[in-house]
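These notes are about the structure you will find just below.
In this document, chain identifiers A, B, C, D and E correspond to the written order of the chains, with residue numbering beginning at 1 in each.
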C-alpha cells in the first residue's frame, strides 16, 4: 500500500431504507450493500467504467491469462497474501472456498444461488490459490463474483444456525471499514480500518443515517444534518429545490434501472401486437420527462439495458407520440369504439388496469396522465396500486397483473444477459423459474439467449444482445420509458463520490471519500 | 383483593390469547409475503424465494405456524425478525425507549396543560377563557396529527429554525440538552391531541362534580372557595382521570406511530412501518402483542389505582 | 313535575325531538358545526356540477398555479388540475367514506352491543371480551396493518375503517343496554311476554338510538381523520380518486414550493372533523335532559 | 304451609318455601362477595279477588318476591303454584302464555315506561305480541278502551311518556298490566314515587278495577296507611322472611311480632293532637332465628317465633 | 314583639333554561321567630326547596344546577337583621354553616364520598375560624350527640361505610356543628324507612330543645308535620296557600288545597277489610299539577278546585290573616272554605259527593 494517510472526519449519509443485514452471505437490499461493500472485500470489483479490478485476487482470471480454461469450465484464482480480517486473522483461500460453498448450499438462506450453484469441485490449492470447475460455461459468473463479499471462514465455519444473528450484528470483514455500531431505526456507523490492504480510507467514520422518507431526507440534507443523500436519493421533483440550496451539489447519476410499463402479454387485449404498438404511440413521453420527471433526471430509452452497458444498442427505432397514428392502427386492427367510446374487438374490451407501488407519487402522476391520453384513443385504463409487499409477490411473479410500472434491472451484476426476463422457461405463471413476468414467449429469442451465455466472446455476445434488443423493441412485451438516474447529493467539500453502474449503491467506494482540505 | 386481582389477571391472559389469534389471522390472511420484497433482487430466482420461505417455516399450514409462534410467546421466545434475525423482544426493546420518551414528554405536556385548562374552564363555565379553550380543544381534536406535524416542521424548523426538523439526536451527540431540543417538536405534536382530550375530560369531570349534592353540602357548611376547589372538587374529579390514563394509552401509542414518521423519530412507529412494508411478521405480531400487553396492563394498573384512590372501592 | 325527577340517564332524552333540536341549536358551537357540515356537504355534492373545471382533467402546462390565477380560484395542483374542483370532489369521497364507515361501525357495533348487553351469559361475555381484545390494538395500528395488507381503494378503506371503529360503539351501546336492562320497562316488556328479538328491536334499539346518534357523528369525524392518516401514509384511496387525505399526501412533496396544496386539504379535514365533533358534542348535551355537558 | 284466611275463596297463587340468595356482585373491587339471602323461606297464598299487602323494612326482599312470582327471576328453592299449576320452572312458550294471566305494575312510573315509544304502543305491545289483536285498527280500539278504563284520554295515545305526569304514567302502567286481562297483578310500590295527592287517585283506580273484574293483587308498599286501606291481608317481611302474616285488622290492631309493632308505632299520624299522644315502641334489632317457624296465633294470623 | 330571626318578603325564584322560564317561586313572604319550627309542605315542584335554597345562595349547586339554567332571585330575605338577597358570596359563606345550618334529603349523595365523615364534620367548624385540633374534638362530640356509637372509630370511616340512617345523622351533625340559629332541613327523612325516620325525628326534636334553634323542615309527609312543627306552611305552584299554627291548619283548614291534601290520606275509620261490597274510596284531588313554565295568573290551585270562582282564575289572592282564625293563621284564597263546605254539605248531603269532589 502507498503511504497511509491518517483518516479524519466523518460523513453522514442519509438513506431512506434501513440497513439491517450485514452478513455478507445473507444481504438483501441495496442499502445492505452500502455496508457490505465497505466492510467486506470481493475477489475483484467493478470500476465505474464497467471493468473488473482485482481486489482480494491478484488478477481477474480470463481465458487470456489462463485463469479460466478455454472451455470456460476450469477456474483458477490467485489471492493476495497480505490481507487480514478486522479481527487480525489472516485471509486465506479457505475463506473463498467457504464463501462459495456456503452460497451454493441449497439449505443456506442466501438470497441467491445464481451462478454459484454451477460451481463444482472447489479446492484450495494453497493459502493463496483456489480453483474450481463450472458445470457449464457461464460468463456472467465473473460479474456475480464481483458482488460476493468474502466471509471469514474462521468465524463462520463454527456457526451451525444460519439464523444466529450475532455475526450479523458485528460483522468482521476485510474491507476498508470496520463495523462500528448500529442504533436500530437510526443509524449504522462504520469505522476506518487502518489495516486495510488497499488505498484509504480517509474518513475516520462513515455513518449511514436512516431517514425513512424522501422529504425528510431532503429537509435534513438542506438543513445540514446529513452530508450526502444516497438511497433512493432526492425525489426528481424536489431536485430543483435542492439545487437552489446553498452548499450542496446534486448529482444526476445514471443507474441500471430501466423504467417500463410491463404488459401481461397473455391477456387477450395484449395479444394483438397492434394494441401494444398503439399504446406505445399514445404514450406522451415528452410531457412525462419535461413535466413529471423534470429535465435532466431521466432520459428516454428504447432498450432494456442501461446505455452504459457494453451490450446497449443505440440505434433502436425511436418512439414518437402520435395519437392519430395510434387510433388509425387500432382501427385497422379491427378495434372499434363501443358505445362508451372504449374500443372492443370480438367481445374483448380494450380495458385493463395499471399498477405500481402505492404511494409512489410520480408514478401515480404518470398513471393519471396515461389514463387521460389512452382514454382519448379509446382505452379504458384503471389504476390499481398496492403496497410493495403485495405487489411483488404472486401478483408480479405469477403475472397476475394487467400492466405495471416497474423499474427493471436486467443485467445481473452488470452482465447484460436477460435470460431471466425473456426466456420462455422463465415464466413462473407457467411453472418456469425466472422473472419473465411479461410471459414473453419467442423461440427466436430463446435461442439467442442460450447462445449468449454460452460464450465468453464479448463481440459475439454483443451481436446476440443487439439482435435481442431489436426483437424485443419490435414485439413490445413492455413499453420502455427511461433509464433511471439516481439524483443524489453531497455537501460541497466532500469528494470521492463516484457513481458506479456496477453496483446498486453509490456508496460502493467510501474508502475514497474524504473532506477537502 | 389478591384473589380479585388474580381473576383479572386470568381475564387479561384470555384477552391476550384472543389478541394473538386475531393478530395472527390478520397477517396470515393477507396476500404477499415477507419475501416479495426481494423479487426484484438481481439474481434472485423463484427457487431462491421458495427455499427461503421453507427456511422461515412459511410453507407450513396456518395452525401449525400459529402454534409454533404462540408456543414461543408463552416461553418468552417471540420469534426472530426476518430483517436481521434478531429476537423480536430485542428488536422491540431497542426501540421502545425512544417511544416511551416521546410518550412521556407528550403526556407531561398534555396533563399539565390539559388538566389546568380543564379545571379553569369548568370553574368559570361559559366564561371567556372557557369559550376560547373549548374552541381550541375542539380544533385540536380535529387536526390531523401528521398535518400539524408538517406545519410545525415547516414553520418552526424550516422557516424559523428554532427546532430540528426531526431525529432524536444528531449522530454522535448524546447530550441531554440536544435530546431535549429534539424532543420539543414531536412532543408538542403528539401532546396536542391528548391535551385536548385531558382538558375536555377534566372540564366535564369538574362540572359533573360541581353539580353533585355534596358540593352543595360543602358550600352550605361555608367552606372556603379554595378549599372547595382543591379538597372537594378536585379530589373527586381527578378520580376518573386515573381511568383515562389507561384509556388514552392506545391512542397515544397510535399517535406516537404517526408522529414518529413525521419527525423521523427512531422509535416503535418507524419500526412498525418498516416491519409492515417488509412484512416482518414476527415483529409485527410482536408489536401487536406488546401493545396489547401495554394496554391491558395499564388498564389493570389504572383500575387497581382507582380502587386504592377511591375509598368506596377500597377494602375495609 | 320537577326536572330532577326525570331519570338522569343519558340514554333517555326526556323531551320531544323538536326540543332536542332546539336545545341543540342553542349551543352555538353545535350550531356552527352543523352549519359547517351542511355547507361542506352541499358544496361537495353540488360544487363539482357548478364549477367550470373538471377535477380530473390534467393540464401539464398549467401546474402549480397560484390561487386566483387563470380562472382557478384556488390554483392548480401538481398535475394542473383545478384545486377547488379537486377539493370538492375529494370531499365527496372523504365525507362518503366517513359516513359509510360510520354506518358499518354503527351497524356492527350496535348489533354486538345490544346482543351482548341483553344476553349477559357466555354469549355476552364472549362478545365483549372480543371487543376488549380488539380494543387492545391501537386503532391506527390495526388500521394500518389491515390497510397495508390489502389492496387499497375506496371500498377496502371504508370497510377497514368501519371495522376498526365499531368496538367503541359496541362498548357504548353495551353499557347503555346493560343500564337499560336494569330499568323496569324492560322487565315490563318481559312480563308482557315479548320475545327477545322484539325486546331488542322494539324496546332497546329506540333507546340506544340517541347515544348511537352521538357516536355516529363522532365516528364520522374519526373516520375522516383515519382515512387521512391511511392515505397520508400511502395505504388509502388510490388516484385518480382524490380524498383530502391523499391530496395531502401528494402535496407534502411540494410543501415548500406550493404550500397551499397541503394547507387547503388539511384545513378541510380539520373543518369537517371539527364540524362533526361539534355536532356530536351538541347532540350529547342536547340529548342529556339534565343539560350537562358530558 | 299456610292456608288462606278466607276459606271460601280458592287460592289463585300459592307460594311455598321460596328462597332466593344473591351472590354479591363479582366486580373486582366489590367489597365482599358474601351471599345476600334476599328471600328466605317465604310462603303465602293469594285468593281470587283478594289483595295481599306486603310490607317491611327496606331491602327485606319484597320486590324480590314480586319478581320471583313474575318469573322475572329464578328461585333457588321453593314452589310457585298459579291456579293449580306449578310455574316455578316454566320456560319458553309456557312462560309466555303465563304472562297473559299474571301481570305487574312497577314502582317507578318513569323507569317503567319506555321513553322512546308512544304510550299507545306501550299499552298495545302485549296484545300484539300474544296475537290477541293483530289488526291495526282493532288494536287501537282496544288500547283506547284500556285508556278509558284507567281514566286516561284516548286522544293521547300517540304521545310519549314524558308528556304525562307521574300519576298519568302510573295509569299507563296499569293499563298495560290490564291489557292482557290478567288474574293477578303484582303491584310493586305503585304509589311510592308519587305525590300524596296523586297516590289517592291510583289507589282508587286499583280498587275500582278489583271491584269490576275480580282481580287479585300482591300489593307491595312502604306506606302502611295505604296498605291497610287497600289490602285484605298483610304480610310483614324482614330480612328475607315473613315475620307476621294475617288479616289486615288482626295484624294492625293486634300485632304480635315486635318488629311489626315497632313498625306500626313508628307511623306518624297526620293529626297534631293524636300525634302528640302517639307512643312509639323501640325497634327490635334481634336477628331472626334461622330455625324460627310461623305459628298461628289467631284465625289466619301467623307470627314468626 | 321581638324581631323575627328570618323575615322573607316577596321572594321570587325563576330559572331560565333552554326550554324557557320556570316560575319556581312566585312572591313568598313570611317571618320566622327564633326557636320556631316551620314545616313546609306541598305538591312536588311547588318551590319548597327552591325558596329555602335561594336565600343563602345555594341554588346553582347540587342537583339544582342545570347547565345554562340561570337563576334569578328577587325580593328580600332578612336574616338576623341582614339582607341575604344580593349579599356578597364571601359574606354569605361566613353565614352558612355558622348561623344557618343545613340538612339535605339524600344522605348518600350529600356527603363527599372521598372524605371521611369526621373530616367532613370538622370542616364545617374549621371553615369558621376554629383550629383543626379543636374542631376534631368537637366533631367527635357531635357524632356522639347525634347518637353514633364509637365516634372515634366511626369518624375515620367514609360515608359508604355508614348505613342510611347513620349518614343522615352525620348530615345532622354537620348541620348543627356551629350551633346555628337556623337549621334548614330539606326532606331529611324521605329516603329512610319509617323506623329510621322516627329515630331521626326524635333526635331533631331533642337537638332543637337543647340548642334553641329555629328550624325550617320541608316534607311531603303530613304525619311528620304533625309530629314536629309549630307552624306549617302549605305551598302550591310557587306560592304559600296557607300558613299557620299546626293545629289551626290541620283542624281549621282554610285552603282548598290543604283540605284536599289532608283528605286524600287514608283514614283508619275507612278501613273495611271485606271481600264483599264496594270499599270506600280515598278522596283524591282531581287534575294535574300546574305547569311551572307559564307565567302564573290567579290562584294556582284554581284549575283543580271545584270551589274556584272566576276571580280565582284571574286574580291572585293575597296571603291574609284568617278573619276568624287563630292568630298567625294566614290563607291565600278568595273563597271562604268553611262556608263553601257547609254549603256543599247542605246542598248534597251524601258523603259520596265529597269523596269524588270535582270529578
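Everything that follows uses one rule, which is that contacts are C-beta pairs under 8 Å (C-beta built on N, C-alpha and C of every residue); 3 or more make two chains touch, one makes a residue touch a chain.
Note that this is a predicted model, so its numbers are computed, not measured.
Any chain touching subunit B that also touches subunit D appears here: C, E.
Fewest steps needed to get from subunit D to subunit E, stepping only to touching chains, is 1. Of all chains, the one whose Cα centroid sits at the greatest distance from that of subunit E is A. By C-beta pair count, the most extensively touching chains are A-B. Averaging C-alpha coordinates per chain places the centre of subunit C 49 Å away from that of subunit E.
Subunit A and subunit C have Cα centroids separated by 45 Å. Subunit A and subunit E have centres, each the mean of its CA atoms, that are 91 Å apart. If you average the Cα atoms of subunit A and of subunit B, the two centres end up 39 Å apart.
Shared interface positions of subunit E, i.e. residues touching 2 or more other chains, are given as 44, 63-65, 67-68, 289. Contacts with at least two other chains are made by residues 1, 5, 15, 148-151, 233, 252, 255-256, 292-293 of subunit C. Residue positions of subunit B touching 2 or more other chains, listed in rising order: 30-32, 158, 207, 211, 261, 273, 276-277, 316.
The part of subunit C that touches subunit A in the complex is made up of residues 56-58, 60-61, 63, 78-79, 148-153, 233-235, 238-240, 249-250, 252-257. Across the complex, subunit C meets subunit D through its residues 1, 5-7, 12-16, 183-185, 187-195, 198, 202-203, 206-207, 209. Of all the residues in subunit B, the ones that touch subunit C in their complex are 11, 14-16, 18-19, 22-23, 26-27, 29-32, 134-135, 138-139, 141-147, 150-151, 154, 158, 203-204, 207-208, 211, 250-251, 253-255, 257-258, 261, 272-273, 276-277, 284, 287-288, 291-292, 295-296.
Residues 56, 58, 61-65, 67-68, 93-98, 101-102, 104, 106, 109-116, 120, 123-124, 127-128, 158, 160-161, 171, 174, 177 of subunit E touch subunit B in their complex. Interface residues of subunit E facing subunit D in the complex, by the touch rule stated above, are 43-44, 164, 193-195, 197-199, 201-202, 220-227, 229, 246-247, 250-251, 260-262, 264-266, 268, 270-271, 273-275, 278-279, 281-286, 288-289.
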